[in-house]
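Worksheet for the structure shown next.
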Amino acid sequence: MFPILNTMPKMLPIAKIIRETSHVKTFVFRHQLGAKPGQFINIWVPRVDEKPMSVAMSNDVEFWLTIFAVGGMTKRLHEMKVGDLVGIRGPFGTSFEYESGDHLVLLGGGYGAAPLYFLASEAVKKKCTIDFIVGARGKEHLLFLDRVKKLGKNVKLHIATDDGSVGTKGYNTQILESVLSSVKPGNKKMTRVFAVGPELMMKRASDMCFAHKISCQVSIERYMKCGFGVCGNCCVDDSGERMCMEGPVVDHLRARKMKDFGAYHRDKVGRKITF
Amino acid sequence: MFPILNTMPKMLPIAKIIRETSHVKTFVFRHQLGAKPGQFINIWVPRVDEKPMSVAMSNDVEFWLTIFAVGGMTKRLHEMKVGDLVGIRGPFGTSFEYESGDHLVLLGGGYGAAPLYFLASEAVKKKCTIDFIVGARGKEHLLFLDRVKKLGKNVKLHIATDDGSVGTKGYNTQILESVLSSVKPGNKKMTRVFAVGPELMMKRASDMCFAHKISCQVSIERYMKCGFGVCGNCCVDDSGERMCMEGPVVDHLRARKMKDFGAYHRDKVGRKITF
Amino acid sequence: MKVDLSVEFCGVRFPNPLVLASGILGVTAASMANVVRHGAGGVTTKSLWLEAHMGHPNPVILTTEHFMINAVGVPDAGIEKAKEELAIYNSMKKAPIIANIIAGRKSDYGQIAEEIAKLNPDIIEVNISCPNVEDELGKPFACSRDDAAAVTREVKRRVKKIPVIVKLSPNVTSLLEIAKSVADAGADGFCALNTWGPGMVIDLETRQPILANKVGGVSGPATKPLTIKAVYDLYRATKLPIIATGGMMTGEDAIEALMAGAQLVGVGTAVHYRGIEVFGKMRDEMGKWCTQHKVKKVEEIIGTLKY
Amino acid sequence: MKVDLSVEFCGVRFPNPLVLASGILGVTAASMANVVRHGAGGVTTKSLWLEAHMGHPNPVILTTEHFMINAVGVPDAGIEKAKEELAIYNSMKKAPIIANIIAGRKSDYGQIAEEIAKLNPDIIEVNISCPNVEDELGKPFACSRDDAAAVTREVKRRVKKIPVIVKLSPNVTSLLEIAKSVADAGADGFCALNTWGPGMVIDLETRQPILANKVGGVSGPATKPLTIKAVYDLYRATKLPIIATGGMMTGEDAIEALMAGAQLVGVGTAVHYRGIEVFGKMRDEMGKWCTQHKVKKVEEIIGTLKY
């Protein structure tokens, strides 16, 4: 498997900006990216920085990026207007794996709901049934609810909020636990959990799946520079696997062998930062 | 039409050496060259030089080069033995054009008989009938006679020698004239002359074909360096066409527009040398 | 939209910025006219010597998908042939011609320049940077600030009306040091760059270098970013007109070079990678880019890089 | 036929000549061990600083089919991280490790060298040739004979038992002048070469350089013939052991480098063009070539070029 040889940024005007929550916007680009759910791109704001972002939707005519304003570059992005140019490189990395007809349990924390929405929208076409569990601090931080609801009857939406302003009060992992508990033994093999969000959430989800002997895939986000397997900044311990190439989506059994899973990540100079 | 991007010499051992005449040897290489009749290769003798040579035969398992020992490099080649390595680049250049069922009149002077033999051996497979006219100073300088004879009943061999030691005494162009004269008006369109040899011979042949209104292709040999259209040493006047790319095989009507056709060629520094 | 691709370079107007680089298809007037017919906005002769110069035996050019390496060795028949061919070119001239000159000794540059000036080329380009005659001639003059300036001064002294540009070598520690000294010596512009190295390719079977000259100058698409940077440095430091030469393969490459500060774009190796049709293709690609970006005159984009 | 691909370099035996080049997949011990698992005969750390060094913002690496350009800016967390990672690497060591060191001032090289020497790498490689921190640090020390020698002397003074090799820059007028002065200053070998340029890539839409650092070092398959020539020149002139780095993509490329005089072959950019599997592929290609050519020990072909 050769990586994409040409990784020059493709300059694209922002076609549309959708405000999702106070800190989150979805940026729409009219371009056939050809990404699969779980893959990411690098988005470059000239003179500012370039950062990895999961693809929140990709079809024949457009793709979406759903972006939290957290620091310098994402805040600058949030100030940009329709028509402004950014550079896009990718898609890079691995994608979610499942079979037609599988039962998918999606656990999204933070912007994790966005790539999972992309996954769900593809999976329903493949006759999958879906439990879509989202969580956030409060109602106003929940993402993509309306879109998920429109995916049809095969998708069941579960909501958890820390403050109980909507859905179950508590963590989304609590909902996961009850969903997993209700899986009949005979259905375990075709049930797949996909967890995308804060690493500690994914770690908890993995522990639950491990206990229930249900398969699980997680998205391991590490500090990325190149995005295509050269710089070495995104490698995990002790396998040395590159999360931009052999990840970000990995089976949780592989994640569980990573010393850093749920424990630490590294900053841009490779220093360990505990979660 | 892109040229071959990789033009590194392929090192091949000489598989067989066939002595043709006192000054001519055929070198056989076991390699699928994929050349068409009329095309040439560059053959490199390490530490000596690299020179263009027409392909005298190319099939799925081997190819031949029939080489006159005239100067430094070709004399060195004649000293080489089976197993010695030479570098081959190509095939380069244009090839002879004709249709299945055509009547081909081949006029070979000097080593010109070799590439024409390659043409004949392909053309007979395409149901062409062939008049194969060869000429040389004397019997002992004639090339490829036995091979041509073996091509079958559709190939008629005509021989001319300056000294009359075999065949007609005189020039091979005299035979051409009589062959052309015997072409019935209705057959002129499907009759094609291919002349390969000394340029003055080709010029005479072209004049005859022009008078008879019969099509003719000639092989314009110019001093070649690269062989693939970059150095500019093989360009003709006034069109500037490169004989390694737009030639060596050209329609004689195009050749007749060349100031240099039958008049002069250029040496390795681009100086004109009259024929 | 009608796009004006013409550019002025050293007072000479070129119908488009694409100029045949020296040493490629530049042996005869007919060949250069053919290149113009294929879309070039101008041509450069192969390097012209006063006396005949043999060049190296074959093989002289090797290519892979990734690079070209050449040691043609600057063959030329000398001034008499130059006279004949330049006269022919001028008699059927459709685009400006740059006469590229070379000599073995600093002092000889003056004479060839003077002789060539008589033949009325539009521009004289002084080749002091060929990396594949090192064994014969030593390090190119373009590698020494003083030598480069001395050659420039000598040529400028002997050539009065015709603009003189100097062809620079990339194979130096400080391109700008050389360029500034050449500018101070009176150069009217630059051609940047000649080939890289020299490099070497070994045949693994015989364990010998393949080029008869053993080593040769390297070119190819990978040199583009190096050319772009050099052009920008020259543009910023000297403001003299520049021909960006090296790795230019597409119309977009040419646009990039213009943004970096070049007026003209030299095209050599691309003749191999995209065929002789490359000139028309690049011209059309430039036109298309300009149309898409609402650029009416390509000259407007020269030096517009926001560094 | 069983082929022995192992080579000795500065007294250290490498299971095969393919060494991960500095700055590629060299941030953590785990990553380097992974590269060895994929077939490398040794690894080089990314350049190690005494104190943390931030490097440049993204984008830091761009690639086309033809070249890579990078301005990562040599980020590193400093000596404490180096201690931790080298200890981990050594605890699971399967192949030699070369610690590549860097500093901003000549005098600082001694200290980082001394600190790193305590961590017991097999070899110390002194990076004086990174072209993408010029704005920050000025022309690399590898561009000055005296600076290069001063750094070498300083490192050699502080490092007693571990072999010290110097990583050379191609961006100089005379590589041999620098190399000889480094050799005289006590270097035990060379790594040739660092990246080319710097070069620049402009985004045509915004008319800005794409790399955050604006310019970056150029690498790619096209640099191979330049590396080969540099290696041969070094081999002939100094006889010191050499790592041939630059444009090495295939087992045949590695064989070519060995013939030119290298003991080891650095592989960096090829990780992009052929994937991380490139080490195993190149190793197998070398093995196959040796078998076909009846070479039992790959060391036998070192320096066998018939120039």
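When the chains are written out, they are named A, B, C and D in that same order, and each has its own residue count from 1.
As a working rule, a contact is a pair of C-beta atoms (placed from the backbone, for glycine too) under 8 Å apart; a residue touches a chain by one contact, two chains touch by 3 or more.
The structure displayed is predicted, hence computed values, not measured ones.
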Next item on the list: State which chains count as neighbours of chain A and simultaneously of chain C.
Entry: D
Note to self: Removing chain D only, and moving nothing else, give me the connected sets of chains.
What the structure shows: A | B, C
Item checked: Computed distance of Cα centres, chain D from chain A, in Å -> 36
Notebook entry, point to check: Rounded to the nearest whole Å, what is the centre-to-centre distance of chain A and chain B, using the mean of the C-alpha atoms as each centre?
Noted result: 66
Note to self: What's the distance between the Cα centroids of chain B and chain D, rounded to whole Å?
What the structure shows: 51
Check: Using the touch rule from the top of the page, what residues of chain D touch 2 or more other chains?
Finding: 64-65, 201, 206, 208
Check: What topology does the chain contact graph adopt: line, ring, star, complete, or other?
Finding: line
Notebook entry, point to check: Hey, which chains are touching each other here?
Noted result: A-D, B-C, C-D
Next item on the list: Spell out the part of chain D that touches chain A in their complex, as residue ranges.
Entry: 23-28, 30-35, 37, 46, 52-55, 57-65, 68, 72, 75-78, 81, 88, 92, 201, 203, 205-206, 208, 210, 212, 269, 271-276
Next item on the list: Could you pull out which chain C residues touch chain D in their complex?
Entry: 64-67, 69, 139, 143, 171-174, 196-202, 204, 206-209, 214-216, 218, 220-229, 232, 252, 255-256, 259-260, 289, 293, 304-307
Next item on the list: Going by the contact rule at the top, pick out the chain B residues touching chain C in the complex.
Entry: 1-3, 5-9, 11, 42, 44, 46-51, 85, 87, 89, 225-226, 228-233, 235-242, 245, 266, 268-271
